[in-house]
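Take a look at the structures listed below.
Consider the two complexes below, in which subunit A is the common component and subunit B and subunit C are the respective partners.
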Partner chain A sequence: MRESKIMFLQYLTGLLILVFGGLHFLALSFLTPSPDKQLYVYQSATNHTLVGGALYYNYVLDIYKNLAWAAVFELFLTVVTFHAFNGFRIILSEQFSGPTASKVISYSMLIIGLIVFIWGTRTILLAFLG
Partner chain B sequence: MTVQVILKGFGEVVKEVTFRVRRYDPEKDNTPKYSEYKVPVKKGMTVLDGILYIKEHIDPSLSARYSCRMGICGSCAMIINGKERLACQTQILELNKDLIKVDPLGNYNLIKDLVPDLSKLFNNHKSVKPYIIRNDNPPTAEYLQKPEEREKYAMFTECILCGACLSACPTMAADDLYLGPQALAQAYRYIADSRDMGFEERLNVLDSKHGVWRCHFAGACSEVCPKGVDPALAIQLLRGVLMKNSFFGYKQVPAPVGKERPTVVEGLKVLEEKIKESEKK
Partner chain C sequence: MLIDNKKGWISWFNPIKYGMDRWLFALHRLTGIFIGLYLIAHIFETSNILKGPLTWNNLMVFLDWPFGVHLGPYILSILLLAVVFHGFNGLRLTIVENGLMLTKPYRPDYPYEPKSLKGWNLGLKILTAILMIVIGIIGIVYIFTGVLL
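After this line comes the complex of A and B, so read on.
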């Protein structure tokens, strides 16, 4: 694959990290999948929904059991893995130039990236299946 | 009758500055060292004049590369007080310092003292085929180009191959095989030229692992260029061309050939005959 296409994917995954990272941040900070989302606010007359507050750990685990969210996390994992390991490849190939070094770097980044991806997928699946 | 022009203060010694010059002789020294020289400065004196003063009056063994002395040949690029400049264009008094530190260009092998080995610059320049490439017959007249078409690359024709940009480039410091800002700017200069048809021939070099995508856009090349060329801009424009090419293809439309010129046609015939003669020999 030409370097321009790889770099296009690098820029695209960079943007997608912002999107999926934002969703991930939302999921962990603002969204509450459980109907029991009322919080009593100290010294306040009423209860408030949990917007802007922290989530209970069980609520967070509930998010992972939702298929749509699991898909979002899997996509997030995919783009982060590609972006990170292609980034490492670029940094390393600047430091160690030459055709042999280039091959070693490219294949080792591919293998390590795949291992990280498989391990991350396993974590998402385990959380999804409960 | 001769007319004598007297410039006020010209020729008078204004002050004395110290030149701290990096010296290195590969035949004698293991590592470079700095030597200091006191130089009397007159109005209008450049750093190159200072170096030549040292060479003539203090230490003739000091080596520096120079030629035109007026910012055209690009031979005397060196690092003066931490920045890449042409020594012949840098006025000592404008630096406004009592100590002038002179180093050879960075990111090159060193031949001696202030003389870098510019092979890397020239080889990279050569690798992008910095000339107009056409597939059609030899022209019988000029290729026609509108002024606005020339404007697209006009700035990049100013490059004098001084090598200052490669010295300032941080990617060049890390990546030995990186093409560098000079070669990339020149590649864009020819690709953007409406007379050129050589995009495909340059593609493999430009769109490679050590090509146009390795630029980190530090902008140091544009900062130091003594001729006001903006190689960082050329690299961004080149990336746009390559990105367009990888998805939609990039086609160059050849500029038309103008009205046939008898002198050019005759010249071509003479040239062809000479080539045939030399082939026979």
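After this line comes the complex of A and C, so read on.
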């Protein structure tokens, strides 16, 4: 793919990340199913057993089991993985120039990016279905 | 030019001869690397949701109180600031790198002041800086107090 087209995708995914990233923040704050709109609710000030809050297991799982949120997370994962690993590729390509280095960097980033994407998709799917 | 390139990433931090845009460039790259590495850790961290409530809740507590020290809010705040900076600076870059909010092309005359960095472009920088500060404050207040402004 031409570099200008890849850069266009980098801009596009960047804009989409702002939208999905904002939704991700809302999922853990204003829109959390937890009655306590904060990240952590502990048993007491000295007993750090998690009993509630947006990051409590049941409330996080409630979000994963919601089809709309699962779709948002999957789309977010897709655009953020592309944006991040293409960003790494650009930075590394500027440091190590030459056609061989370029190929090694591109394929390495593609493989690592795919692993991260597949692992994240696995989490979203299994949590949604499980 | 070739000598400059040979310096590699160290040249990101060369403030001599370069202005604010150079620093924004360096910070954009640094925050990008930081967020990218966090993303990889985050994807593997969140997969622990599949291991059940005990593992998940214990992991969340560990991330908030690593080794018994309440570092969680500070780590999240650093991440938030990096994300807010990278996000809004990225938005600014998307606008200006596509030729928007720049001056019309002009003949370079002595003393070769870059007009393209003034006017709308400068206004855009100020606007993004204000947005960064406002969103940053809202995020940090929420992380530390649970209050969403």
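A few notes on this one:
The rule is simple: the second predicted complex is superposed on the first by the 104 of 130 C-alpha atoms of A that agree within 3 Å, B and C clash if a C-alpha of one lies under 4 Å from a C-alpha of the other, contacts with A are read in each partner's own complex, and residues count from 1 in each chain.
Operating definition for what follows: contacts are C-beta pairs under 8 Å (C-beta built on N, C-alpha and C of every residue); 3 or more make two chains touch, one makes a residue touch a chain.
Everything numeric in this text was worked out from a predicted model, so none of it was measured.
Using the contact criterion defined above for the overlaid structures, shared-chain residue A:S4 touches subunit B, although it does not reach subunit C. Touching more residues of subunit A than its counterpart among subunit B and subunit C is C. Of the two partner chains placed by superposition, A:L110 touches none, neither subunit B nor subunit C. When the two complexes are overlaid on their common chain A, residue A:A84 makes contact with subunit C while staying clear of subunit B. After overlaying the two complexes on the shared chain, residue contacts for A:G130 are found with subunit C alone; subunit B is out of touch. In the superposition on chain A, A:V19 makes contact with neither subunit B nor subunit C.
Legend: residue contacts after superposition of the two complexes on their common chain; A:G98 is shown touching subunit B, with no touch to subunit C.
Of the two partner chains, neither subunit B nor subunit C is touched by A:A71. Of the residues of subunit A, those at positions 95, 97 touch subunit B in one of the two structures and subunit C in the other. Of all residues in subunit A, those touching subunit C in their complex are 11, 14-15, 17-18, 21, 25, 29-30, 36-40, 48-50, 53, 55-58, 60-61, 64, 77, 80-81, 84-85, 87-88, 91, 95, 97, 112, 116, 119-120, 122-123, 126-127, 130.
Residue ranges on subunit A touching subunit B, taken from their complex, read 2-5, 7-8, 90, 93-95, 97-98, 102. Taken together, the subunit C residues at the contact with subunit A in this complex read 5, 8-9, 29, 32-33, 35-36, 39-40, 43-44, 46-47, 49-50, 52-53, 56-57, 60-61, 64-65, 72, 76, 83, 87, 90-91, 94, 97-98, 139, 142-143, 145-146, 148. Of all residues in subunit B, only 171, 174-178, 207-211, 213-214, 239, 242-243, 245-247 touch subunit A in the complex they form.
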